[in-house]
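I've put the structures underneath this note.
Two complexes follow with chain A in common, the first pairing it with chain B and the second with chain C.
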Partner chain A sequence: MKKRKLIFLVPYLAWIALFVIMPIILITVYAFRDEHGFTLSNFSQFFTNGTFLRMTLNSFWYAFLITALTLLISYPTAYILSRMKNQQFWLLLIILPTWINLLLKAYAFIGIFGKGGLVNSFLGLFGIGPANILFTNAAFIFVAAYIELPFMILPIYNAICDVDPAVMQAASDLGANKWQAFKRVLWPLSKSGVQAGIEAVFIPSLSLFMLTRLIGGNRVITLGTAIEEYFMTTMNWSMGSTIGVVLIFLMIIVMISTSSSASRRKKREVKL
Partner chain B sequence: MKKLVIAICSILVVCLGLGLAAQKLEGNSSSSGNKNLIIYNWGDYIDPKLIKKFEKQTGYHVIYETFDSNEAMYTKIKQGGTGYDIAVPSDYMISKMRKANLLEKINTKKIPNFKYIGSQFLGKSFDPKNEYSIPYFWGTLGIVYNDKYVKQGSIKHWDDLWKKNYRHNILLVDSARDIMGLSLASMGASMNTKDSLKLKMAKTKLDGLGPNVKAIISDELKMYMIQNEAAIGVTWSGEARTMLDSNSHLHYVVPPEGSNLWFDNIVIPKTAKNKKAAYAFINFMLEPHNAAQNAEYIGYATPNIKAQALLPKEIRDDKQFYPSQQAMKNLQVYQDLGPKKVQEYNDLFLEFKMYGR
Partner chain C sequence: MKRIKWSRLYIALVLIILYIPIFYLVYYSFSSGQNMDRFGHFTWVHYQELLADSRLLAIFLETILLALLSSLVATLIGTLGAIAVSQIKNKKIKQLLLTLNNVLMVSPDVIIGASFLIFFTALGIGLGFGSVLLSHIAFSIPIVVLMVLPRLNEFDYSLVDAARDLGASNWQVFSKIMLPGITPGILSGFFMALTYSLDDFAVTFFVTGNGFTTLSVEIYSRARQGINLEINALSTIMFILVMIIVIGYYFISSRSGKKGGRLL
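Then we have the complex of A and B:
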């Protein structure tokens, strides 16, 4: 019986080894090498260069803004969703956009935000001249948040659904007003979902590079842009890998800092 | 569960069937023996009718594959496992490929139609003796502007881009050599300079352009200019030709103080399996009528003098796309500066993208 279970594990392990572990090893090796052999110079270059540090900060800042915006929209949405009738149907509507290719959605926004686009024609009705919307920071954050939204709503929705409605009733029976019930009961109990959502949104947002080009017009520069340049334009693979390794470390830090508190919360379950 | 298995099986069967059918169709058109010619070219960079004509005339079967950047092409050919007989890299990439020993020598004596190529397009720095490459198309870097937003004739020089009234209205092509190059040219410096001080100055000057820049993009630039999204775009002549054809408000200017002159060239990679067919193809493409037909389809400038004469008058006499000998004196071909300097250009450009706004 045990042997058969191991056989089922083989494809999974092979997949992980080939497509997760091998690439990580490869870029780590590249990061510590130049044409002469082993070196740490790539890292010292990274950490002494103002441009790279600024780029790292930029990546963090934009990822933070995107995550904050999605959270702000997602939590109320997830809450309302969990109190609605045809939940499966509404859920489907939220998942639906993820079936459409990311590029296609980005191109759609180019049409919407353009000078002759939907938003500007609408503004034109009120006599507001064509505004610059495309290629602004706001447009970039908006589109990124739109794309990440389902990945935030779903875990929060699941977490809220897991909260026994009786617990909320008990809170109000015991004299808590709505805000207090939310703050003291619902929020702590659904926090694991929020943390999962933050992880699912923040980490990919750190290295978004296609949107920075298509919607941000390369006026928003993140580490993803630099990686693309080092690999594709200058073919300086060791520096590109170095940025990649730094990015992986940043992601690990984010993972640890969110998941350690999440696992503590997980035990907080109220049964009545 | 049973339904799922049936569904998956039927999909697999359909895929298998289609695959077999495709193979059979391919096999039919290319009968036995080495009658295949594999061309590796930029997307939409040849008149498809010419491929048909070539196949009919010579009996070779053409397999046409495309790439979207010199670097991608270089990596693919370098890694091997490909059998490309013909490739079309740009100038600086040719010296790079030559140094990496990826190119086959071309004997121009075996190409009778080679004589039609103008002497001013031969012996350029990337291939001084034309041993490895045959010019395919050439062009310049310049400014496209929209006369809806910009008074006609008010843009003549690179420095005009810095004017305050174009705030947030300029689209730049996402290429370090070209944008750093335009700044260098505007200061009267060489676009191939290796002088770090001059490069720094050029970058500082570019920072002043930052507020005017709306976006730094690549292929989409064409679409935006056609849709009147921005007043000014900096791009290559071939792209400009397409824009001008779709929007009559657009004009193309090559600043006289200096700009880039680029070449795309036919080469035979070391991986070639059918050199005979490659030679036949090169000769076929250099035949003046074919070259003219191709130039009319693509819109880029042909180095084939005889073909130029066959082009319609309004194309031939367009000074912006076929500049006079005098104007061409100030155009500079990019040299391969080596990885260190290329990195320096790109790093400065990245810095400009980050801070200059």
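Then we have the complex of A and C:
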């Protein structure tokens, strides 16, 4: 029995060692190395050169905007969805587009946002001349939000469905108006879903380099774009790794802070 | 009453936005001409071009082969791993393994791609089909584990004891008792692995080298050169394929749900 367990475990542990631990070690080693050996110059360059710091702020700002826009659209959608008939069917309709390859959807927006595309012909109806939409920051944020939308709707929908309808009923029976019921009852109870959604959207938003190339027209430079450039174009792997290590570090901070706020919330629930 | 109408309108708007890009692609795949600005006249010419484009068709088939192969291996390793992890008694070790399991789930794609690229180069593994396959297996394993584990936690181990008391061998216990109990988890794990593989662009882009491309990478490089209605024709076909798969999956899962109901 013991031996059989080992056979089950070995391939899995090998995967962890080779594809989880090794890559992290290697990328860290590369970040601290140049042609001559160990060096801190990559990091000192990163933290003293304004370009890199601006880029870091920039990518967090864009990821924040994308996440906020997605959340703003998703929460009402998830709420209305949870009150509808045939929920499974509508949910399927929302999930279905995630199965179309991301690149195809991005490609579609090249046409839609183009000079003679759908949006410009629509604007033309109102006599607004063709505007430059493609290759703007707004276009990048919109397309990124479009792609992440289902990943935000789903966890929020699940969280809202878990809220006991009787609790909402009780809130309105006790005289809460719609806004109060939402703010005091529904939002706190569905917060776990919002958190899951934010985690599912924020982190991938940092690495949408194909969108910054195709839709953002190379003008939106994020950490993901920079890593891609250092690895694939300029072939400066140690600088690319340095940006990668910084990104991993920032991610860990974000994750620790969200999980600690979750545990704090639990404590408060116990007190109540 | 009025409020309900507004909410309907909102959902309709969200769905329209979700589907406009897809139908936009489909619509212009039937247009003569070379761009997505003005519909010329109806034509099948882009589909004929697509069928004659043996390079793109080969990439299409290779992408599907890659997805099937990688999810099969990932499902195997992931399922065995999940069974092993679920039987670990030491809480700390279990937690550690689960944390390591989730590292690739939360990492941004560029980090996975870049670190795998360093990894393959350090080991001297040439970039191509092999490296892409290994990467796809690697990033699909954690989702399989996450899909199978809940089933194992719900699993009633007294059944195993009962089978043993009745004289079942190890293999019989595994194949006749454990496996049927966790099959739904394994299937959804396989399914998720399949979609991960088909949908991946960033990781593949890093580790693919010159010899081998997947559909995503090929679309990216073509899209960077501008609009090509052959891609529209391809996306129409892919959309129809996805619809067929989803409807099939929906049908099977609702039928098996009914069967489960009858058993109860």
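Just so we're on the same page, the second predicted complex is superposed on the first by the 246 of 272 C-alpha atoms of A that agree within 3 Å, B and C clash if a C-alpha of one lies under 4 Å from a C-alpha of the other, contacts with A are read in each partner's own complex, and residues count from 1 in each chain.
By our rule, a contact is a pair of C-beta atoms (placed from the backbone, for glycine too) under 8 Å apart; a residue touches a chain by one contact, two chains touch by 3 or more.
Predicted, not measured: the structure shown is a model, and the values here were computed from it.
Q: Tell me which partner A:G114 touches in the superposition: chain B (first), chain C (second), both or neither.
A: The answer is both, since A:G114 touches chain B and chain C.
Q: Touching A:I24, do we find chain B (first), chain C (second), both, or neither?
A: second
Q: Output check: A:M232 vs chain B and chain C. Expected answer is one of first, second, both, neither. What do you get?
A: After superposition on chain A, A:M232 lies in contact with both partners, chain B and chain C.
Q: If we overlay the two complexes on their shared chain A, which of chain B and chain C does A:M210 touch? Say first, second, both or neither.
A: The answer is second: A:M210 touches chain C but not chain B.
Q: So, does A:G244 touch the first partner chain B, the second partner chain C, both, or neither?
A: second
Q: Touching A:K5 in the superposition: chain B (first), chain C (second), both, neither?
A: second
Q: A:N132 contacts which: chain B (first), chain C (second), both, neither?
A: first
Q: In the superposed arrangement, does A:I253 touch chain B (first), chain C (second), both or neither?
A: After superposing on A, A:I253 lies clear of both chain B and chain C.
Q: More residues of chain A in touch with chain C or with chain B?
A: The partner that reaches more residues of chain A in the superposed model: C.
Q: A:R54 in the overlay: touching chain B, chain C, both, or neither? Say first, second, both or neither.
A: A:R54 sits against chain B, while chain C stays out of touch.
Q: Under the contact definition given at the top, report the residues of chain A touching chain B in one complex and chain C in the other.
A: On chain A, the residues that contact chain B in one structure and chain C in the other are 110, 114-116, 213-214, 232.
Q: Can you list the chain A residues touching chain B in their complex?
A: My answer: residues 51, 54-55, 58, 110, 114-116, 132, 134-135, 213-214, 217-219, 221, 225-226, 229, 232-236.
Q: Contact residues on chain B for chain A in the complex?
A: Spelled out, the residues of chain B in touch with chain A are 69, 71-72, 75, 168, 174, 176, 213-217, 220, 224, 227-229, 339, 342-343, 346-347, 350-351, 353-355, 357.
Q: In their shared complex, at which residues does chain A touch chain C?
A: 1, 4-5, 7-9, 11-12, 15-16, 18-24, 26-27, 30, 73, 76-77, 80-81, 83-84, 90, 92-94, 96-112, 114-118, 146, 149-150, 199, 203-204, 206-207, 209-210, 213-214, 223-224, 227-228, 231-232, 237, 240-241, 244, 247-248, 251, 255
Q: Which residues of chain C touch chain A in their complex?
A: Residues 7-8, 10-11, 14-15, 17-22, 24-25, 28, 35-38, 76-78, 80-81, 83-85, 87, 97, 100-101, 103-104, 106-119, 122, 134, 138, 141, 145, 170, 195, 198-199, 201-202, 205-206, 215-216, 219-220, 223-224, 227, 231, 234-235, 238-239, 242-243, 246, 250 of chain C touch chain A in their complex.
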